[in-house]
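Look for chain A in each of the two complexes below; its partner is chain B in the first and chain C in the second.
So, the complex of A and B:
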C-alpha cells in the first residue's frame, strides 16, 4: 500500500518543481503524471493478491486493500489517466500546468485512499485529500466567472458533505470508543434498543454525507453547476471519477456496517428506503436531463441517473440479489467511469452547446463516432458494455423481490434513450452550423481507447466479470 | 455463420477508407457468401427427420447468465434465408441509390444482417435480446442519415417505439427467469419445463407488446408508415422484409411456441388483434395517394395475416399445420413481394419525381419494363394465384375458417388488397399519358434484378413442400405438446 501511495504522492510533490525548468516543462510534467498513473495501475493486482485481508475483514490499521478497493482504484486510475492524457493540448500553453497535473495526482490519491480506508478518521482525511484539490481544479479558469461560481457552489456542497460525515463519525466514536470500522461495526451490532436512535442518526448522517458526493437525489443539486463551469476534463474527473469514491465509501458503510449490525432486523427496512431513493434519483436525473441545452449539464444529470442505477446495487444488499447486485455495481462503476469519462472528454472537441453538435459527423467524424459509442453505452444498448452492467443490476432487483424497481429502471432506460438519441440525431442527421475545427489528437487518443474498451467489453465482458467474481470471492 | 457478416462489415469499412466505392463490392461479396451459407444451413433443417434445432452450438459466454447457444429450426431456417437474400438484394439495390457515406453505410448493412440472423438463431433469451436491440441501431442510422425530408423525426420515433417495446420484453424475460422456477435463460430448458400458467399469461402479454411494436400490430403501428416513407428504397426493403419478420418470428417463437397453452387459450384475443390489423392496414391503404405509404400499409395488413394465421392454428388442433404453416409461409412470401414493391416505388420516384399516384400517369408508355415489373409485383402482393403468396393467404384464411366459419369476412381483406392494388395499376400504368414526357425506363439489368425478387415466389408456388414440410413438423410439435 505504501508503494502505491508513494507512486502517486512523490510525483505529485515533485511535478510542481518542474516549473523552474521554464518553457520545456509541460510535456515533462504530463509525462511524469501519466507514468505515475500507469505504474500505479500496474501495481494494483500485485497489491491485491499480496494483501492478507479479505473483503469484509479489517485489520486494526487504517488501510486495507481488498476486492472492492481493487475495482474502485482501477476505475479511478483509468479515469485519471484519460483525464491527464486528454488535458495535454489544453494545458500546453498554460504556465501553471505542473500545478494542474499535481492536483490531479493528489485528488486521485485521495480517491484511492477513500476506497481502501478501514478507519473512519482515515476516511475523512482521504475524503478531504480528494476534495480540496478538486476545488482548485474546478476554479482553474481564474478569469472565467462561471468557473469561479462553479467552484464556490462545489465548495459549499463539499463542506456540507464533510460536516455531515464528521458529525456522523463523532457519534459513531461516542458509541464505539474507536474509529476503526471493525470496532464501529461491533458497537452497532451489540447496540440495544435504547441506543438504536443514535445508531440510526450516525448512519443517516454518514449516508447523507456520502450522498452529496455521489449526487444522489435530493443531494445532487451542485453537480450540474459545478460540471458546467469547469474544464471538460475536470468534469470527467468529478462526474466519472470522484463520484465513484463516494460509492466506495457508501458501500463500506451501508453494506459492511449495516449488514454486520443486522440492521435489517431492527425495525427498519433500509433496503426499501435505498430502493426508493434509487428510483427517485434515476427518474429525477433522466427527466431533468431531457431539457438541458448544455452538454455538460445534460451529462451531469445523466450521471445523477446513473448513480441511481448504482444505488440498486446497494439497495439489494442483504437480500437474495446481493451477489448479482455487487457484481453489477462494481461492473457499472468500472464501465460507467470509462464511458462517462469519454463522453465528458469528447466535449473538449465538440463545445458545450447541444445545438452546436449539429452536423458533427461532417465536422469531426472521429469525435462523433467516439461520443456516439459512449452515449449508446450509457443508454445501455447492446452490443456495448453498459448493457451488461445494467442487466446485472436489473436481475439483482428482481431477485431481491423488488420487480417494481427493475420496472422503473427499465422504463427509465427508454426515457434516457430519448435524450441520448437526440444528441446522436444532432450529430449525424443535422446539417453543420459551424466551421470545421481541428480535432485535438490527444482527445481522439482517449476516445479511441474508450471506444475499443466499450465495444470489446460489450462483446465479451466475461474476463472482467470473472475478475470481479474472483476478487469478491477472495475472502 | 453469425460472425461472417460482422467480419465482412469491418472489412468493408476498411475497404471504404481506402476507396469509398470499394466497400460496396466487399459488402456484396459477403452478402452472397452468407446467402449460400444460409441455403446450406437450411438443407440440414429440410432433411431433419423430425422437428428440432440443427447445427446447435453452445458455449458459455458469461458465467451463470449467458451461454452462446444457437441453433436453427424450421421457424428460423426460412427466415435466415430471407435475411441473407434480401440484404444481398438491398446491397445491390443501394449501388445507384446511396451516394455518400458509403464507407459507413455498407458496414452497417452487414452489421444489421448479423444482428438479424442472430435473432433468428438465438436459443438463449439474453442472447436474443442482445441481437434484438443490436438490430435497432443500424436501422436508426439508415433512416436518419440517408432518409427523406422528415428522416430525423421518423428515425427517432422508430428508435423509441421499438426500444420501448424491447424493454417490456426484457422485463418479461427477467420475470420468467426468476418466477418461472427454472432460473435459466436457456430456451430449451424453458421449453421443457413450462412456467406456471399465470406467469405465462403475464410474460406473454409483455412480450406481445415487444413483438407487436415490431410486427407491427394495430395500434402500435404508427412508427411504420413514417419510417418507410422517409427511408431510402433499399432500407425500406429491409425494413419491411426483415425487421417486421423479427416481430413475427418473436411472436411465433415465444408467444406461440414457448407459451403455447396460453396461446391456445387466448387465441381469440390474438386473432382479434390480427384481424383488426388486417382490416386496418387494408382499409387505410385504400385511401393513400403516396404509393410508398400504400405499400407500407400493405405490409401492416400482411403482418396481420401472420398473427391471425398462427393463432388460429394453435386454437384448433386440426388446423395447426394449416394456420401455423400459412403464417410462416406468409412471412417468407411477404418479404419478397413487398421488397419488390418498395423497389418499384423507388423506381417510380426516380422517374417521375413524385410518388403521388394521382400525378403519375401512363407509365406503360415510357417505361414498359418497369410497368411489367410493377404489374407482377402488384399481383404478388395481392396474392394472385400465379405466385406463392396466394397459397399462404389461402392457408391462413382456411385456418381461420377452421376456427370458426363466422370468420368468413376475413376473405374480404385479400379482396380489398386486390382492389387497391389493381386500382393503383389502373391509375399508374394503364392510364393515358398526359402530358407525354420522355421518361427513362429502367435498364435491362435492373429489370432482371427486380425479377430476382419473384424467383422464390415462383419456386415455392410449384414446390411449396420445400418450406412447408419442415414447418409442418414444427407445427405438429406444437400440437403434440400439452
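So, the complex of A and C:
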C-alpha cells in the first residue's frame, strides 16, 4: 500500500517543481503523470493478490486493500489516465500545466485511499484529499465567470457533504470510542433500543454526506453546474471518477459495517428506502437530461441516472439479490467509468452545444464513432458492455423481490435510449452547421481505447465477471 | 454524565444554527461560516465524548487536530475561489449565480 501511495504522491509533489526550475516542459509533466498512473495500475493486482487473506490492515487498521478497493482503484486509475492523456493538447500552451497534472494525481490518490480506508478518520482525510484539489481543477479556467461559478457551487456542496460526514463520524465515535470500522460496527451491533435513534442519526448523516458526492437525488443539484463550467476532461474526472469514490465509501461503510451490525433486523426497512431513492434518482436524471441544450449538462444528468442504477446494487444488500447486486454494482462502476469518461472527453472535440452535433459524422468522423459507441453503451444496448452490468442489476432487483424497481429501471433505459438515439441521429443524418475543425489526436487515442474496451468487454465479458467474482470471494 | 448532556445539547444547537445558516443565507461567506459552525460542533462532540465516556484521550486529540487542519485547508481553497468570483463579479451572492441553468 505504501508503494502505491508513493507512486502517486511523489510525482504529485515533484511535478510542480518543474515550474520552479523554470523548465516549463508540459510534455515532461504529462509524461511523468501518465507513467505514475500506469505504474500504479500495474501495482494493483500484486497489492491485492499478495495480501494473504484479501483483508489486509495497514498500519494499525487505517487502510485495508480488499476486493472492493481493487475494482474501485482500477476504475479510478483508468479514468484518471484517460483524463491525463486527453488533456495534453489543451494544456500544452498553459504555463500552469504542471500544477494541473499534480492536482489530478492528488485527487486520484485521494480517491484510491477513500476506496481502501478502514478507519473513519482515514476516510475523512482521504475524502478531503479527493475534494480539495478538485475544487481548484474546476476553477482552472481563469477569468471565466462560468468556471468560477461552477467551482463555487461545487465547493459549497462538497464542504456541506464533508461537514455532514464529520458530524456523523463524531456521533459514531461517541458510540464506539474508536474510529476504526470494526469498533464502530461492533458498537452498532450491540446498541440497544435506547441507542438505536443515535445509530440511525449517525447513519443518516453519513449517508447524506456520501449522497452529495454520489449525486443521488435530491442531493444532485451541484453536479450539472459543476460539470458544465469546467473543462470536459475535468468533467470526466468528476462525473466518471470521483462519484465512484462516494460509492466506494458508501459500500465500505454501509454494506460492510451495517451488515455486520445486523442493521437489517433493527425494525427499519432500509432496503426499501434505498430502492425508492434509486428509482427517483434514475427517473429524475433521465427526465432532466431530455431537455438539455448543453452536452456536458445532458451527460451530467445521465450520470445522475446511472448513479441511480448503481444504487440498486446497494439497495439489494441483505436480501436474496445481494451477490448479483454487488457484482452488478462493481461491473457498472468499471464500465460506467470508461464509457462516461469517454463521452465527456469526446465533447472536447465536438463542442458543448447539442445543436452543434449536427453533421458531426462529416466534420469529425472518428469522434462521432467513438461518441456513438459510448452513448449506446450508456443506454445499455446488447452488444456493448453497459448491457451486462445493467442485466446483473435488474436480476438482483428481481431476486430481492423488488420487481417494480427493475421495471422502473428498464423503462428508464428505454427513455435514455430515446435521447441518445436523438443525438446519434443528429450526428449522422443532419446537415453540418459548423466548419470542419481538426480533431485532437490525444482525444482520439482515448476514444480508441474506450471503444475497444466497450466492444471487447461487451462481446466477451466473462474474464471481467470472473475477476470480480474471484476478487469478491476474498472480500 | 450530566456534563456530557450539556455539551451534546450545545453541539446540537450549533448544528441547528449551522443548518439554519445554510438554508437562509445567500452570501457565500456566510454559507461557509455556517458549514464551519457544523464542523466545530462535530469537534465539540468528539472532545466531550472522549472526556466524559473516558475514551482514549490521545486518539480524540488526534482526531480533533486533524479535523481543525482539514477545515482550514478546505476554507483556504474555498476563500480563494470566493475571491476569484468577487473579482469577476463584484459580489458573492449565490442567488445571482444563474449563468448556467437547465
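Following the convention adopted for this analysis, the second predicted complex is superposed on the first by the 460 of 475 C-alpha atoms of A that agree within 3 Å, B and C clash if a C-alpha of one lies under 4 Å from a C-alpha of the other, contacts with A are read in each partner's own complex, and residues count from 1 in each chain.
Convention: a residue touches a chain if its C-beta (ideal position, glycine included) is under 8 Å from a C-beta of that chain, and two chains touch if they have at least 3 such contacts.
Please read all numbers here as calculations on a predicted model, not as lab measurements.
**Student:** Counting only touches as set out at the top, which of chain B and chain C does A:332 meet: first, second, both, neither?
**Tutor:** neither
**Student:** Where does A:125 make contact in the superposed view: on chain B (first), on chain C (second), on both, or on neither?
**Tutor:** So A:125 only meets chain C here.
**Student:** Check the residue A:243 against both partner chains and state whether it touches chain B (first), chain C (second), both, or neither.
**Tutor:** A:243 contacts neither chain B nor chain C.
**Student:** Looking only at chain A, is it chain B or chain C that touches more of its residues?
**Tutor:** C
**Student:** Answer with first, second, both or neither: which of chain B and chain C does A:410 touch in the superposed model?
**Tutor:** first
**Student:** Could you tell me if A:293 is touching chain B, chain C, both of them or neither one (first, second, both, neither)?
**Tutor:** Second partner only, chain C.
**Student:** Just chain B (first), just chain C (second), both, or neither: which does A:153 touch?
**Tutor:** Second partner only.
**Student:** Once the two structures are fitted together, what part of chain A is touched by chain B and by chain C alike?
**Tutor:** Overlap of chain B and chain C footprints on chain A: empty.
**Student:** Quick one: in the complex, what on chain B touches chain A?
**Tutor:** So the residues of chain B in touch with chain A come to 61-63, 65, 126, 129-131, 133-134, 136-137, 140-141, 144-145, 151-152, 155-156, 159-160, 163-164, 167, 170-171, 174-175, 177-178.
**Student:** Note which residues of chain C are touching chain A in the complex, please.
**Tutor:** 11, 15, 18, 22, 28, 31-32, 35, 38-39, 41-43, 45-46, 49, 53, 55-56, 59-60, 62-63, 66-67, 70, 73-74, 77-78, 80-82, 84-85, 88-89, 92, 94, 97, 99-100, 102
**Student:** What residues of chain A sit close enough to touch chain C in their complex?
**Tutor:** Contacts found on chain A: 121, 124-125, 128, 131-132, 135-136, 139, 142-143, 145-146, 148-153, 155-156, 159-160, 162-164, 166-167, 169-171, 173-174, 177-179, 224-225, 228-229, 288, 291-294, 297.
**Student:** Show me the residue ranges of chain A that touch chain B in the complex, using the header's touch definition.
**Tutor:** Listed in rising order, the residues are 361, 376, 381-383, 387-388, 391-392, 394-395, 398-399, 403, 406-407, 410-411, 413-414, 417-418, 421-422, 424-425, 428-430, 460-462, 465-466, 469.
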